[in-house]
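Please read the structure below before turning to the comments.
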Amino acid sequence: MTWSMHSIIKKKSMKKKIIALITDFGTKAGYLGALKGVILKINPEVNIVDITHEVNPFDVCEGAWVLNSCYQFFPLGTIFLVIVDPGVGGPRKPLLIKSENCYFIGPDNGVFSFIYEKEKILEIVHITDEKYSIGKPSATFHGRDIFAPVAAYISLGVGIDEFGQNASECFKFKIPSPQISKNEIIGEVLHIDNFGNLITNIDQNLVDKIERMNSLEITCKEGRIGKISKSYFEGKEKEIVALVGSTGFLEISANQGNAQKILGAKRGDKVRVDF
Amino acid sequence: MTWSMHSIIKKKSMKKKIIALITDFGTKAGYLGALKGVILKINPEVNIVDITHEVNPFDVCEGAWVLNSCYQFFPLGTIFLVIVDPGVGGPRKPLLIKSENCYFIGPDNGVFSFIYEKEKILEIVHITDEKYSIGKPSATFHGRDIFAPVAAYISLGVGIDEFGQNASECFKFKIPSPQISKNEIIGEVLHIDNFGNLITNIDQNLVDKIERMNSLEITCKEGRIGKISKSYFEGKEKEIVALVGSTGFLEISANQGNAQKILGAKRGDKVRVDF
Amino acid sequence: MTWSMHSIIKKKSMKKKIIALITDFGTKAGYLGALKGVILKINPEVNIVDITHEVNPFDVCEGAWVLNSCYQFFPLGTIFLVIVDPGVGGPRKPLLIKSENCYFIGPDNGVFSFIYEKEKILEIVHITDEKYSIGKPSATFHGRDIFAPVAAYISLGVGIDEFGQNASECFKFKIPSPQISKNEIIGEVLHIDNFGNLITNIDQNLVDKIERMNSLEITCKEGRIGKISKSYFEGKEKEIVALVGSTGFLEISANQGNAQKILGAKRGDKVRVDF
C-alpha cells in the first residue's frame, strides 16, 4: 500500500459518522423504521449500517456475541447501538460507553459483557437526562425514545457527559470458560451461525496447545473428530470437521453441510477435547 | 438542547434526501437490488433506507400498518416508497402523494389508508407520464419500472405535477374501529410484531377512560387480564399483560414471552374489555 | 425529461462509489457486520447497498441468478461483491472482474456465469497480492479478509492490476438451455421468488414465437395453462397463469397466490410448452 493511499484513507476517515445497529426487532414491523427515522431526523448525514435485526427475541447473550464478532472491524469512532432489551421499562440502566475506539449504547443487561473484557473503557454513562429523548420516553421502546437519540447526538459531536452521570457498576454475565485438565478440555457451543457451524469457547491459544499433542479426539454429540483442519474444504462433502474459524475459536463444522443439523446440536452443548 | 445544537441540526437537515422502502419483495430475490439500482442510477447521492421487505406477500393491510407505525419519525421531506402491489398490471392507479410533511409513492390499493386519515394531504397525483419510466414499463414490476424512478426524480427536485394529473378519488380501506358500549369495548388485533405482541385498535384515549373504572377485565382468546400495566416488565416471566405500547395502542403481551404463541392468536382476533 | 435534469443527474453520478452486496451469510451472525466494517474502515464514504444476504447457503447457482437479475439496473462503475463461497480455503481462485460497465468480485466457482455471457469483459484478475488483505487471510472467511478489502480499495480508485495477475481460465457452469423441437419446448424452473413465481429459462424471444401459434399448452407439474397472459392480474384469484415476468423469462404464477405451493414445484422442475 503506497503512502498516497494511506493519506487518501486518512482524509476520508475523518468525515462521516457511522451508527451500526444490532437489534432483536426482526424485519417485519415498523420498529426498525421508527429507530432509523429518529436517528435521521437528528442527523440526516449519518451513515446507518445494519448489522443484524434478527438476534433471537430477548436473547442478550446472542446479541453480545454478534457485537463481539464484528465491532473490531469498524472504523474508529463508530457508534454501536445494541438493542436487545427484555427489561425495558424495568430497573435496568440505559448505558452509553466510550472506549478507546468506539461508542456503545444500549441497556445494562450484559449485552456489553465481551466489550468490558476486550476494550479499554474510558467512561460509562448512565443515561438519565431526558432532554435528548423523543417526547416523554415510553416504557416499552427505549430503542426509539432514548437510545436512538443519544446515538444521533453523539454522531453530531455532543459530549458524553451531557447525557447523565458516571455509572459505577455495570452488569456483566459470566462468559463460560472451558474447563481445562491434564488430558482434557471441556468447552461449549457459544454460537451457531447461518451455515450450522458450531462456534465454541475454545480459543486459538488452546487449540495451538492441543495441536502439539500426539493424538487428539474432539467429541460433540455423536460427532468424533481426530484432527484440527485448516479449512472447511478439507473434509469430504458433509463430513464433520473441527477448525479455528474466522472469529478465532474452535468450530465444529461440515464441509458444505450443516453441522448443527447433522449432529442435532444446540447452543450450550458440550465440546470435549481428549489428548 | 442548546441553541448551537439546533443550528447544527437545521443545517444538516437541508442536505440529503431520503427514500425509505416498505415492500413485500422478501430478501432472497434480485427484485430489491433492481429497485435500489434504478434509484441510484438516477440519483446516486440519495440515502436509501430499508424499513422492511418482509410485509406478507400481497398483504396491503400489513404494509399500511408498518407505514403508519414509523413514517412520523422521519425527517420532513422523506419519500416513502411503499410497494405491496397485488394488483400490478391491473386497473389500480399508481399514486404520488404530497402531504405537508412527506411524499408517499405506491399503488392505489389502500396501502395509504392511515396516511389519508393522519396527514394533511396537499396533492395526490395519478402517475401517468411514462417519460420518467424505465423503458416501457412491464406489467409485472411497477416497483422497478414506475415507482422507483418517480421516487428518484422527486429526490432530485422534479415537481410532482410533472408525473401526471390530479387523482380525484383514492381507495381507502375501512380501518376497523372498536365497538364501544356502556360496559364493554370490543376491539381487534391489528398487527402482531416480532415479539408476539398483539397490537389492537384500542387507542390511548380509550385506555385512559378504561383506567378510571373501578374494575376491568380484558379478554383475548383464553387470556384474561385484570389491569393495565405500564411495561412488559411488570408481569412475571411469560405472564400475559395488557399495556399501551409504543405505537399508542393497547397491546396484549407476555413479559419475555410470546403472547401470540401462548394464546394462539392471529390478526383479526377480538379483544374484549369489560368494566 | 429536460436538459437541466440530465445535467443534474450526470453531475451527481460522478461522485459516490457503490459497493453492492450479495451473500449467503444470513442476517443473524456478525459476518455481515465484519464485512461492512472492513469496507468502511478503508473507505468510510462508500455507499454499501444490501441486495441480499439470504442466498441459500453454498448455493452458487442462486447467487448467480440474483446477480443476473439486478446488476444491469445499477449505475456504471458499481462494484458487486458476491460471496457465495463453499470452496473457501480450497483451490478455487479469488477473482476481480472488470467489465465495460461494472466491477465484480468473488470466488471463481461459477457465480459469475451469467456475467461472462452478458457483459463485455475487459479484464479478469486472479487476486493474489496479500498487501491489501486484512492481516493474514483466514482460510474460512475470504469475504472479510480478501474480497471486502479489494472492493473497498477499488472504490478508492486503486487500479485492478495492483491486486494480482490476469486469470486465464475461469469456471463457468452451464446455464441450462431449453430443448426446442418442432412442436415442443422443454424448459426448466431456474428460480423461485418470494411470491412463489416459477421463473423458467424460456426467454421472451421463444415466447414471442410460441404466441404466434394457433394453440398452445404449457405444463408444469399438475398445472396446465392454455395461453400467455400479460399480467398476474389476468387470472382469477389463485389461478395458475403463464406470463413473461420482469426478468424477461416465462414465469408460472398464481394471481395473488403462490404457484410454488399450489403446484408443489421446485427448482429444476420441467416446464413443457406444446404447440
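Think of it as A, B and C in the order they're written, each chain with its own count starting at 1.
Throughout what follows, a contact is a pair of C-beta atoms (placed from the backbone, for glycine too) under 8 Å apart; a residue touches a chain by one contact, two chains touch by 3 or more.
Quantities reported herein were computed from a predicted structural model and do not represent experimental measurements.
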Legend entry - For chain A placed onto chain C, the superposition rotation in degrees, Cα atoms, nearest 5: 120
Inset, instruction - Since chain B and chain C are copies that touch, just let me know if over half of their interface numbering is common to both, same, or not, different. - result: different
Legend entry - Where chain B and chain C are represented by their mean Cα positions, the distance between them in whole Å: 30
Legend entry - Where chain C touches two or more other chains at once, by residue number: 27, 50
Inset, instruction - Would you pull the chain B residues touching chain A in the complex into a rising list? - result: 1, 5, 8-9, 12-13, 15-16, 18, 20, 22, 27, 47, 49-55, 65-75, 78, 191, 193-196, 230-234, 243, 245-247, 251, 256, 258
Legend entry - Footprint of chain A on chain C - complex, ascending: 24-34, 36-38, 40-45, 48, 50, 57-58, 86-90, 131-132, 134, 138-141, 144-145, 153, 156-158
